[in-house]
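A single structure is presented below for examination.
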């Protein structure tokens, strides 16, 4: 009755399909008081890191909404060198404990993506692979997302791809996932992670101002889950790449929906804040579910929805 | 950042949950491991059951951790939907919390008297600070501000007055109350009581918790008196243990710290209040 | 202290900004047992109606999700003639009671939109104006939405526009609202309604099937509100047309956010199911809010967010 | 469609909310206007406070409306999060409901005995039907099915047995119980009790409420006996009063009716069960 839970996420070998969404899991170490991260998860995805440190956005960065939160952290990070100095030893150990470590690459320009990738290549030999965050604001283009169109997303991928032989995933924004997915596949992406938070707006109607320090911010949590499942399904129809399904996963059922819709792996995100044991519970639940579904390998359930 | 802060998930049982002032409740929970490990100025993040549409926990500081009894006392204001839900929890009900979280109060390195300043629901962590000082044999005075007599958590004031007397000071402890409308103690803001105390008595440091404008005022007075000042800050929090970076606090030197990990207690000079 | 609450939604005079979202308010008469619809609301938007009757989708058409529902009604409707026969007298009376009546036009092809518009022109002289639902599946194009691209949306508008001199609104899908909004403005739309439900997917992980009779269905309710406010704001920046803000409005605060983001009117949708008095409460609350904000006319608050 | 069905919003107060069988509760609410106006087979849509993430009301049928006392009795199964929340409502708690909703049972036009058939939580509306028939002087027999003895709402069975005797029939009423495991009454499904009754006694009509497979079985037996059969259907509902068209029921003639408005009671021949 033992199911093989291992999956291959574009060259990243995972002991089970459970990953964590960047920015919701610290860099793993913050959860070691809750459970044995290294022995439990298939992978973790670290916070987005750029070549140089970023301060991130002013406060407030958070608002609570119905079955959701909004955040505008703005990728506060200590730069690749600072990140590796602070977390490298822990993350190397994590990988040795059997948990894949995915480093997320952020940049405000193609040059910054390239530089961050080069620095990671140099300083983080322990990284299992990379996830390129193409939703970072493009400073030269007035703050629009770097990968907002198929052509722009392809350009980011074209920049990063030659600089590493390790697996490269792309974290996709919640729009045009079929078209952008195809463009990324054409440029050699190994896997796609979707979806990022959904841009949203929350106003204080007395002050007439945003409830966060930015006019818009990213919506996440159970509220967006069904939208994310639909986008994973759309993307899975369009590309021939493994997908990591992200968006409002708070339970093993949510994760199983993502797998049935076409995701090879899943990332637990906002639920890590609500329940720090969420990702561990998802891993347990998925294994029970796979056994109940009578499969030998969880991979048999990827895209197995009968629609 | 203190990555070695590793809160755990604890189950707790409500022992007492009683109104103690207007919109103010005293919650006593049984959580033995937390009671043993939590330090003054740290906080915990409570899951309050009932409404799944609110996905965040409720971060609360505490006033007293009793390791022997295995209990922790929290005093909180009912300010929104979440704390209203907490106020409805009955003795015997169970839930979970994460903690201990963050960086708490530090006992001053130099010997001498501390001036504690509390505004509104800033009082509970100040009570915890007072217990910490008393246990370390450090003397203190205190100023406690409230909107009016009805909102004043009087039992807390009595606790401050009743704590073990200073071992290093021969003069009596002063615990002053201020209210905005004068319905209890001195009429005015806490700063109006802090200023004369600073002029009259000798302190090595201030430790303050309360609304942002109050903290700014207290920090300015400390600065003028050339005294260090620890402040305990409040932020809306995502996780409460450094995972989401949502509770940023602007640093005077530029950039941001995280309230849940680097704080909630900061040196007033290091942050933009 | 009395605020002028009247607004002009592209030629539709409304006593206050409160409208109802198509498909969530029956055709008004179902709410007359709850409150005096004619004396309370600025407008109602009727269910989508096509030239000929549509059966709609099989059961189940509904699933409950966190702070949301999904529906796949599929625009079940009795055709224009059947609609007018059954509801015409009531709706004419509603308009005489001071509540604008917006008829929604559905179609599977340009010909069907044209035919429905002609029939409404002939049979519904009492209609205050029309709302064209461009999210209907295009039968000739394999079921993609009729107005999925700026060009396709423009074509629908070009078809309907010459057939009526009454105000024509367009109900927009939740994507590319700036570009599609500009295209619709260029074709003579009088106002835009946004957003329609967000396509989403909910699976039963035991049976591996959709929880609804269709693979995807539309998500609505408080979960999508902040996304809708952002899209209204984006559209308001892009076009010079009055907007009707729709999406998860359950309280006057939600409606006020829409107005501050740039909506001239607001439609209460899913909240009508949860609390049949919701739209009436929104109208009351908006008037109190406008008074507290110290304006003479609610129109001063349209787009008044300070961002 | 019956657009003249115009439910209103009523406040209700919980008077009794007690377990009466496994996973089964009896709720007595005070709602005077509803009690005066609701007809057998109609339903109401209850707002159960507590969890804002569940935005839909809970549609429930009723077993007895007492216009004089101003109360309505509902018997419901705890099957999910919403009904679990309802089971936690305490006497004295208030909320709102919409109703009366839908099209209920019709007293047969031809004189003669009716056979009532209830499966599981289909029993409450069948009790309401029995009261309607008894008040109209129409005789009935009944078959009540349950999973097992523990899940059987025995008080309901007793009510059916104890109702005013038939005025038009000289023979005694039969009320049979079936359980899947034989732990009470006849072992088997309701159809196994319905079939011999239809062979043995004379009926003018059947009226049935229960799970879909049961209704299909009962409708087939009615059809074979050439008797009309009313069925009360259950659907997940959006509004409960014809606003959203989500609770469609497939019609034998093609197209869909709405359960909340055209039903929940339908002629079995007109719908696809």
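Brief remarks follow.
Each chain gets a letter, A, B, C and D, in the order it is written, and its residues are counted from 1.
Just so it is clear, a contact is a pair of C-beta atoms (placed from the backbone, for glycine too) under 8 Å apart; a residue touches a chain by one contact, two chains touch by 3 or more.
Keep in mind that this is a model prediction, so the values were computed, not measured.
Legend: contact pairs of A-B compared by residue number with B-C, C-D or A-D; the interface matching in over half of them is C-D.
More C-beta pairs in contact connect the chains of C-D than those of the other pair, out of B-C and C-D.
Taking each chain's centre as the average of its CA atoms, chain B and chain C sit 49 Å apart. Inter-chain spacing, taken between the CA centroids of chain A and chain C, is 34 Å.
Separating the CA-averaged centres of chain B and chain D is a span of 57 Å.
In chain C, 66-68, 222 are the positions where the chain touches two or more neighbouring chains simultaneously.
Multi-chain contact residues of chain D, defined as those touching 2 or more other chains: 52-54.
Interface residues of chain B facing chain A in the complex, by the touch rule stated above, are 1, 3, 6-9, 47, 52-57, 98, 235-239, 241-250, 254-256. Interface of chain C with chain D (complex): residues 23-26, 29-34, 47, 53, 55-64, 66-69, 71, 73, 76, 86-87, 90, 221-222, 270, 272-277. Touching chain B in their complex are the following residues of chain C: 66-67, 222.
Interface of chain D with chain A (complex): residues 52-53.
Interface of chain C with chain A (complex): residues 65-68, 70, 175, 198-203, 205-210, 215-216, 219, 222-227, 229-230, 233, 248, 253, 256-257, 260-261, 289, 292-293, 304-307.
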